[in-house]
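Look at the two complexes coming up: subunit A is in both, with subunit B in one and subunit C in the other.
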Partner chain A sequence: MNDKAWNNRAWFFVLPVLAFVLFSSLIPMMTVVNYSVQDTMGQNHFFWNGAGWFQNLLDPTTDIGGRFARAIVRNFVFSAAILAIEIPLGILVALSLPRRGWAVGPTLVIIALPMLIPWNVVGTIWQIFARQDIGLLGAVVNKIGIHYNDTEDPVSAWATIVVMDVWHWTSMVALLCYAGLKAIPDAYYQAARIDAARRWSVFLNIELPKLRKVLIIAVLLRFMESFMIYTEPMVVTGGGPGEATSFMSLDLVKIALGQVDLGNAAAYSLIYNLITLTVCWIFFTTMTQLEARKGA
Partner chain B sequence: MDHPVAEFAPSLPPRATAPLRRARSAGRGARREGLRRVVLGAYLIALLLPIYWLINMSLKSNVEITSGLTLWPHHPVLDHYRYIFTDPAWYGGFLHSITYVVLNTVISVTIALPAAYAFNRYRFLGDKHLFFWLLSNLMAPPAVYAMPFFNLYSAVGLFDTVWAVALAHCLFNVPLAVWILEGFIAGVPREIDETAAIDGYSFPRFFIRIFLPLIANGIGVTAFFCFMFSWVEQLLATTLTTVNAKPIVSVMTRTYSSAGMDWGLLAAAGVLTMIPGAVVIWFVRNHIARGFALGRV
Partner chain C sequence: MARITLDGIAHAYRAVPRGDADYALKPLHHVWEHGLAYALLGPSGCGKTTLLNIISGLLIPTEGRLLFDERDVTLLPTEQRNIAQVFQFPVIYDTMTVAENLAFPLKNRRMERRAIAARVAEIGEMLGLTAEMGRRARGLTADARQKVSLGRGLVRPDVSAVLFDEPLTVIDPALKWELRSKLKIVHRTLDLLMIYVTHDQVEALTFADRVVVMNDGRVLQIGTPTELFERPDHTFVGYFIGSPGMNLLPAQVMGRHARVDGHVLDLGATYPASPPGGRVQLGVRPEYATLAAGDGIPVQVRRVEDLGRRRLARVALGPHELVATLPPGLSIAGSEAVLQVEPPNLHVYVDDRRVEGIAA
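Showing the complex of A and B:
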């Protein structure tokens, strides 16, 4: 990292990106900040409200505060469940993918397919698939004798959304790990074979350490995406039953675009963004430290 | 299927067990190969089953859909597809979506290239902070931006155009493109830049004639990701358009009409939205594994 040339003219290379991101990120963000400290009486007349919206939002005893607190909890529970299932399952799938031969291409294409389906279509697929009357999954599960109804029963709704996300995104973890596994030189495996190492110890001592870097990317991307999830639950459950699957994004869109409650929405946005930013920062420092250690 | 000798293995000292374990592992290898296929097979079936169900639904008439559960279409019809291809609102939706996705991909890759080069090759004032700030945009929930984007693009007169969506998707695609390209550029030795300079190449000529071909795979992978994230996004695309640039993902909400759900039409539209993705993956299938690691393995 330190042998890079110091050259401030590199800024010219970055300028176009900076211009674009300023336009599409900073200006909108300033609008949000602006709304978050003002209140309106209608007719585009705004007055200063200080930290009022934030105080309301962070106080769980108020209406909006309670709603916000419950949504945060749901988001973290959901992300934790997603990571707990998708990371091990993704590693398992990556280990079982073929490394060479004719099957590699078609298998990878099938595996990547769910990620390229528009998110509302993913929602539609599962909405249809999970229905008790016309959906295969819903009909079969009910036939086995398990009561299942993803629009009326909160447990079913949660199960559907978690399974849907596993269906949608485990492939990304698998492909990341597959890339990591393919980068391990054959010599490592040969050495393990000579030592007659057991499969489990090959995994623990050779494969897992080599996967560390891609796994950090996988955990980050999965955390972020699941923490921002909007479209798929919106289509499948609409945030219901009640508010059982009303994650932060769903809640926020309801407040901002549905109720046009600008002050609350803006305060909500900023704190939501702050949470993702904090996690992003933790990740970024971990990643740069890992790279620095590798460079040393 | 263990080798019988293996029964004695635990009582022998570690070094002596190695050949025995090797003998046993031959049998275990075959079993492991079987297990590998079972895991993979089960996963592939689980992936394809919901997709099959959607295709199944798209080929049934609405009468057949509502009259009961059938595992395959007993009277397959293409009516839903025919409807989509003849109704301008529907096929227009596809055209709008493809237009803004292509615009966004071109913009994102073009402006990200020099920036990724700068981040990888030089140190400059505030480089780390800037990179972090870029990445943080990748993590920003689109729900946060829905409302301000609506205001912003209305103010500049781009609301309800494909440009609004193409630019809005730059919010996450530009940082993503910078991040992926930086990973691939890191794989090109710096000596190449220096050699080209000594050989008298001007920088623009070096960058276009020598450097870009070297990272062609990385550019392909980046374009793939930009395409993917722009194609699948729905919230911003729907918020920023009403009539003239309505993307297919929001046209699909038309099937929730007062007459109930038009399941067959919805399923057919869903099937059609999978095709561009499938085509694009097929082109990058050889780079897909490394690509998903963002060039960082």
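Showing the complex of A and C:
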């Protein structure tokens, strides 16, 4: 093990990567850090504010703090809701897709279509789709007697955004699971038939364990993206009615660009970033550690 | 307790077979007797696995009928046939323990709980898995995993047959031998019909009571290991069984004698005149073609290979090459030697099929 040459000059090979990371993420982020510890009275004159913005933001009794806390709750509720729908639904779709034959190609393309549409176009589609006067969805739902108005009623607005995300991204979960299912050798299914295993038993004992790894990736990707969602609710509800669908990203843009409140916005975005990072890290380490412990 | 009858079973993977070449398995009649261990031996792609999958019901044959005793099961789905099958690579339910894996086929068939526990313990002990029973199956080594697979195949007490599809491919050579003898013991204790697919002749000859040699979708010979060695029915069997395989020499056969490159050999029996245009070959195993001092057919010695236990010589008889045994104690000076073959060990093949001589 330890008979390798000891040469610290090898670190020089890391320099290009370091330079790249500096320019792509660290330096731009430092400008945000810069704003988060300073205040200004205009005329491009800044002075030191220490942890003031952060203290304000993390104190729910202040105006900005309360707003921040409500947005966090909304974000977590939204991510939990779409994960609870998209993961099982994605698995179900993947299980029912054809695995061989001529139908595979066309089916996969059709399944993948929603993912290929840009976010703001998805928003526009659903904005029109949900309208009560001319939108197919909105008009039909109101016709059958359910009161539905995504610009006035918070429940309708939430339902629209959740359904829109499910429509947009379930295909990704389905395609990941499909790839995982295709990787299971035929012998497993043949052995299950020989053992007279029932369908549910095949799913629990063969398919689900083999899907564990792709599901970890699917949950991670969907959590990160849903936690950072911006464009679609921006186009469909604009964060309303009231602040009912003002997720953290929408709220942040209002503070930074609407109110030009740079200090609060900078502190807000740093904490937002930290939350995403922490949740993903906790999620990933617990999942991989569970994996390792089961393997032992 | 069952006998399995193949009544003209044939299979083509193409939906509408256009000719003989489309058949992975040519029409086949055979009866597998209860209590015997069969080996299906042949090179890769010869139709062994196809035949196995037809018996277990994973494939429905294009033609023919499959009978378990007198019952026609040709169209019956796998789970309703009393068949166990073990695959080439270990198939393990990762979420379960070793014991749960073994119990799975019994549980699915709603066997009584106490009977399951007893049977699982018995099979686990037979395969040497007792110490691992409570462990989760995913952490096991490759050969322990395959033992669990084998166990799942053997655990059902009521099966008509247990089918093995090259089950020892992934096993370490040293363990292979051990597992094979274990399977033999299991076979004797459980008194089952076992069909064992392999392309390894040693495996086939040591495991089986009867060996079925296949090539290109056809069964060429079914017999005991001795029969296959002493009297191969087909040149392919002669070549495939034995290491090195049988020597084949183009010859002219006239009654009791054969002529090879101008030399006359006594056949010890009278053979009918071969049909015109037929390719006539003389077959002799290297074990029975010995070099000697004295009378015989003069040959050129090309090379001698010392294998430790025995010595083999590559010799030339005119333009034909063959392998012969160099008996212990005999040393060859130069390249001239003499070849001796006992008449009963000489076989005549016409168009690759063995022709029986009339002893007189």
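Some points to look at:
Definition applied: the second predicted complex is superposed on the first by the 262 of 296 C-alpha atoms of A that agree within 3 Å, B and C clash if a C-alpha of one lies under 4 Å from a C-alpha of the other, contacts with A are read in each partner's own complex, and residues count from 1 in each chain.
Following the convention adopted for this analysis, a contact is a pair of C-beta atoms (placed from the backbone, for glycine too) under 8 Å apart; a residue touches a chain by one contact, two chains touch by 3 or more.
Please read these numbers as outputs of a predicted model, since none were measured by experiment.
In the superposed model, A:195 makes contact with both subunit B and subunit C. When the shared chain is aligned, subunit B comes close enough to touch A:120, but subunit C does not. In the superposition on chain A, contact is made by A:187 with subunit C only, not with subunit B.
Once the two complexes are overlaid on the shared chain, A:100 sits clear of subunit B and of subunit C alike. If you count the residues of subunit A touched by subunit B and by subunit C, you find the higher number for B.
On subunit A, the surface touched by subunit B in one complex and the surface touched by subunit C in the other have residues 193, 195-196, 198 in common.
On subunit B, the positions that touch subunit A within their shared complex are 17-19, 21-22, 25, 28, 32, 35-37, 39-40, 43-44, 46-51, 53-54, 57, 65-66, 69, 71, 107, 111-112, 114-115, 117-119, 121-125, 127-128, 130, 132-152, 167-168, 170-171, 174-175, 178, 228, 231-235, 239, 248-249, 252, 263, 266-267, 269-270, 273-274, 276-278, 280-282, 285-286, 288-294, 296-297. Residue ranges on subunit A touching subunit B, taken from their complex, read 4-14, 16-18, 20-21, 23-25, 27-29, 31-32, 92-93, 95-98, 105, 107-121, 124-126, 128-129, 133-137, 139, 167, 170-172, 175-176, 178-180, 182-183, 193, 195-196, 198-199, 213-214, 217, 224, 227-228, 230-231, 248-250, 252-253, 256-257, 262, 265, 269, 272-273, 276-277, 279-281, 284, 288. Across the complex, subunit C is touched by residues 185, 187-188, 190-191, 193-198, 201, 204-206, 208-209, 294-296 of subunit A. Those residues of subunit C lying in contact with subunit A across their complex are 56-58, 77-79, 83-85, 87-89, 91, 93-96, 104-105, 108-109, 136, 138-139, 149, 152-153.
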